[in-house]
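A short write-up of the structure that comes next.
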Amino acid sequence: MDVDENALQEALNRAVMKARLNHEGALANYIPELAAVDPNNTSIAVTLKNGRTLSAGDAKKHVFTLQSVAKIIVLAGLLEEEGAERVISWTGMEPTGRAFASISQLEQSGPVPANPFVNSGAIALCNRIPGKQEAEKIEWLNRWTKRLFHDNLKINHEVYESEYKTGDRNRAIAYLMKSNGIIHGDVEETLRVYFTLCSYDATVIQASYLPLLLSTGGEDPQGRKVLKRDTCKYITAVMATCGLYDSSGAHLVRTGLPAKSGVSGLIVASALRIAGIAASSPRLDSKGTSIRGEIMLESLSKEMNWHFAIP
Amino acid sequence: MDVDENALQEALNRAVMKARLNHEGALANYIPELAAVDPNNTSIAVTLKNGRTLSAGDAKKHVFTLQSVAKIIVLAGLLEEEGAERVISWTGMEPTGRAFASISQLEQSGPVPANPFVNSGAIALCNRIPGKQEAEKIEWLNRWTKRLFHDNLKINHEVYESEYKTGDRNRAIAYLMKSNGIIHGDVEETLRVYFTLCSYDATVIQASYLPLLLSTGGEDPQGRKVLKRDTCKYITAVMATCGLYDSSGAHLVRTGLPAKSGVSGLIVASALRIAGIAASSPRLDSKGTSIRGEIMLESLSKEMNWHFAIP
Amino acid sequence: MDVDENALQEALNRAVMKARLNHEGALANYIPELAAVDPNNTSIAVTLKNGRTLSAGDAKKHVFTLQSVAKIIVLAGLLEEEGAERVISWTGMEPTGRAFASISQLEQSGPVPANPFVNSGAIALCNRIPGKQEAEKIEWLNRWTKRLFHDNLKINHEVYESEYKTGDRNRAIAYLMKSNGIIHGDVEETLRVYFTLCSYDATVIQASYLPLLLSTGGEDPQGRKVLKRDTCKYITAVMATCGLYDSSGAHLVRTGLPAKSGVSGLIVASALRIAGIAASSPRLDSKGTSIRGEIMLESLSKEMNWHFAIP
Amino acid sequence: MDVDENALQEALNRAVMKARLNHEGALANYIPELAAVDPNNTSIAVTLKNGRTLSAGDAKKHVFTLQSVAKIIVLAGLLEEEGAERVISWTGMEPTGRAFASISQLEQSGPVPANPFVNSGAIALCNRIPGKQEAEKIEWLNRWTKRLFHDNLKINHEVYESEYKTGDRNRAIAYLMKSNGIIHGDVEETLRVYFTLCSYDATVIQASYLPLLLSTGGEDPQGRKVLKRDTCKYITAVMATCGLYDSSGAHLVRTGLPAKSGVSGLIVASALRIAGIAASSPRLDSKGTSIRGEIMLESLSKEMNWHFAIP
């Protein structure tokens, strides 16, 4: 299915325009560095199957960390290298109906984390990254990040330090899993790997490449196989049900785009069989989702008719 | 996309064959009538866009009540007649991570029910069916049932009576919503409407028509518009995230088919843009899902390549 | 231990005076009739081992329903007639850390109610009152009420009707217990018995007799045995840990008086080995406890040195 | 009230005899060192107001760590030095209805811990011990321990190391409180203080001195004031409602003795105005309470008529 690129560019422009009318929401305040960004940055990009990327808003200058969007990286890498069966034994694939860092949910429904996109699940997966030393594990992350974004993303050390210092809720989650035998070895090392994962810098132009790969079943624009079809099925399905935590359901009804959000304000989404989308703006609602990001995705989905449930 | 009907028939036969190798699970025991059925009944049917229906197993003789699959009927009818905005004010659209009749979930995250497919949500919607008398509301149900299944389904009065007598957990849910101002009027009447809804008899051949409508965006095989596109988007998205309660996530990963289950052992599923599927067998897992039903859907999805996330 | 009655009278007067300085709290609003009382009524009475009753404030004119204080009646009657072992099989004796009408607590820690003083526990006990007809059960209640208060208390039919009409949360609790096999027979009848129990009218002068009996190990001022020592031990211990729901702990620290509260604003308390106390004023805190009632009890306990933990 | 010491000695002997008939329960298994003790050790001691201590069973040779019984030490010290108002701002005084190391309870009802006897509450109090260095805080503990047990208790370093290594659930609790601003400074240091607190070695003879002090309102056998009356009221009331976690209610009904349990199998209890009691045996029930310990306390309370609610 060919996309009319002129229509798409106009749809992107309108999406940004609509989003900028909204001034609700607040910056993530539990990570000091994230509270220091320009709240007005608003950008969106779409990478098509043919490899062309269209964008609108502050797409070129707006740089942010991936935060929880990066949870896809570790999930994809482990699915490819270790297989779904092992990954499923490390973390489930059910939505929780709770917030992304809920400890009650983990205690009451665990000990295995509910899904790879809540913090507990992603930390548990970081604990399984191959490598004897922390440096090897970071190297593994860099390798997979390059493969999935077709670019070298840099680690934002200020954000990393900020998260490491203030990440005590994630520390609590990790130690609870350690006490239940779900994670092994040095908890602090696993947390450092996890906080590194969250700290890759990107623009929406860079970020839209990963969801493109998912939307094509793993093929890059040159027709090379980057991910297995089964990996894409798995990740896309988990994005559909768990990608926005306890607003995943409303998001899928409104946009029909399986997606993953991060508290930096980024949302990546897959327009199945067509394109990868990245929308970003830092003001968040109470569930940790970018308000302008959702406005842009809903607008784009409606104009381009990209809702997954529609012919 | 045309479907090879010979290949499909073989895929259906194999799906039934595989399912019959499994003897796990137990009949729903909290509704006495449901515990009295033949546990070996196993059937599947697919209705294609061209209107042809293929089936396998005990498709012709295996009759069961719709149970929670019928929750789609009241949701569809109200979306069409009252609009999404009102429906959303009556019930949310988020998965819960809990069982279908969880009262804790309702008390802790309510007062509005989480989604239309948990019992609280469907009871709240039954409370909103237009009509002054109970008879009018049942008539409304009959009308929508006929429209969505293209057939007159009969109410199984033995099952209805059995549910009405033993439905005290649903009664508890309804009175809690009454005390919170979520439902209005006579609670017992609303429950009678709800239990009636659950008690329609069908075969998989009949049951596969509704998901076909959803898969086409609301068009019947003759090209007539039966449901609005927005109704189909809404229902399909909620099926994807909430259709199998707290195994919705795993189901979507494995089959890629947005679906809705019922404790009679029926699961209906939408192969997007292609077909409606109904699979049924009464032995259930601990989440209330038909074990053989899931085996059939997973087998069919893989053989026909019907996972939603794949080109 | 003899009590200086002059000092006591002065302590009562001062307790009322202090209480009247406080204007916080709100009338119970979920029972319309309870929201219609004079919010300024404030009364306290103490009945001593010698049978003399001292009082202060509006003690003579301030009439209120017993509400949850009456839960002691059914507990005492069943302990005497059926024995502790059976009562323990019907309801536990642990504090819950939750509100008095929490359904989550019942669902998650049940099916047996946590203790006889949360609503579920008292309803479960009402379900066990001997008698074939509702009238016999009400008669049983009247008999025990007369015995424990040494007086005929009248049922306030306006309050009863008001509770019966609006008691849907209690109805939800009862139906959940019915669905779990904890209560048997006609749920509505059990609820009528329960709402009758809550609807006895009394003054603090009348209400202070029951805790006197508990404080003496069951002897009335004439030295007649009205309750077994084991019954008094059981009830007093449960009052100490569960009598004020999720503020029982703070109450015991502050006053040292095992007590039971009701949403009409009454609190009865046992000064061990010395006296029975009843304090009442209708404005409640968020846990359903009379604010002025607590002020009076704390003041009295301190002045008279009645904290249970002190020689 | 004078105690017949011959009768008491016989009651102690019988209590041990009855306890030894029971072989249920299991050693605490989450602290390896605690799982290495002789499961048959069974001892009880009572220290009377006159200072005499009677004992039975393995009282002289049976040494164990105080574990959670030591939570009284930090509570008493802070109440004396900082006052009740500050202590209340650091930790509540309500029973939870949950297990002693429940994180859900802390997350859902927090951020302030429910009471000083669940792990979160005791850790929060350890965080408030005065002193700039860890060594000063340990010194503070040693000083208070000596004062409350009238003896120098030694720290069992094997148990301490074992707890420190495996204490990841407590670590999770501490980091959750750190993330909520409830504890300050170095979490690991606070945990080391907490684990030290739990690791004091004692016999029942030594352990029965602390509850004696509580039972007298703070006076030692020589009539010297060791604790304020208000400190004793506070601690005794919290023991009554929270001392055995989610079996505090049943314990108070059965024994009438405000008490505190530890997972080493020790229970200390206050016979109000009369004596301090310590009973110990390592096999625990599912709530972490010594089964033989409870049998001994119940037997002793009945024989000596020490239930708090009885004249």
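Letters A, B, C and D mark the chains in the order given here, with residues in each chain numbered from 1 onward.
Operating definition for what follows: a residue touches a chain if its C-beta (ideal position, glycine included) is under 8 Å from a C-beta of that chain, and two chains touch if they have at least 3 such contacts.
None of these values were measured; they are calculated from a predicted model.
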item	value
Chains contacting each of chain B and chain D, listed by label	A, C
Self-contact between copies chain A and chain D, residue sets same or different by half	same
Rounded Å distance, chain A centre to chain B centre (Cα mean)	31
Chain A-chain C separation of Cα centroids, rounded to whole Å	55
Centre-of-Cα separation between chain C and chain B, whole angstrom	48
Multi-partner residues of chain D (each touching 2 or more other chains)	none
Pairs of chains in contact (touch as defined earlier), listed by label	A-B, A-D, B-C, C-D
Complex contacts: residues of chain A adjacent to chain B	92-98, 105, 109, 114-115, 214, 216-217, 229, 232-234, 236-238, 240-242, 246-250, 252-253, 256, 258, 270, 272-273, 307-311
Chain C to chain B touching residues, read off their complex	102-104, 107-108, 166, 168-169, 171-176, 178-179, 187
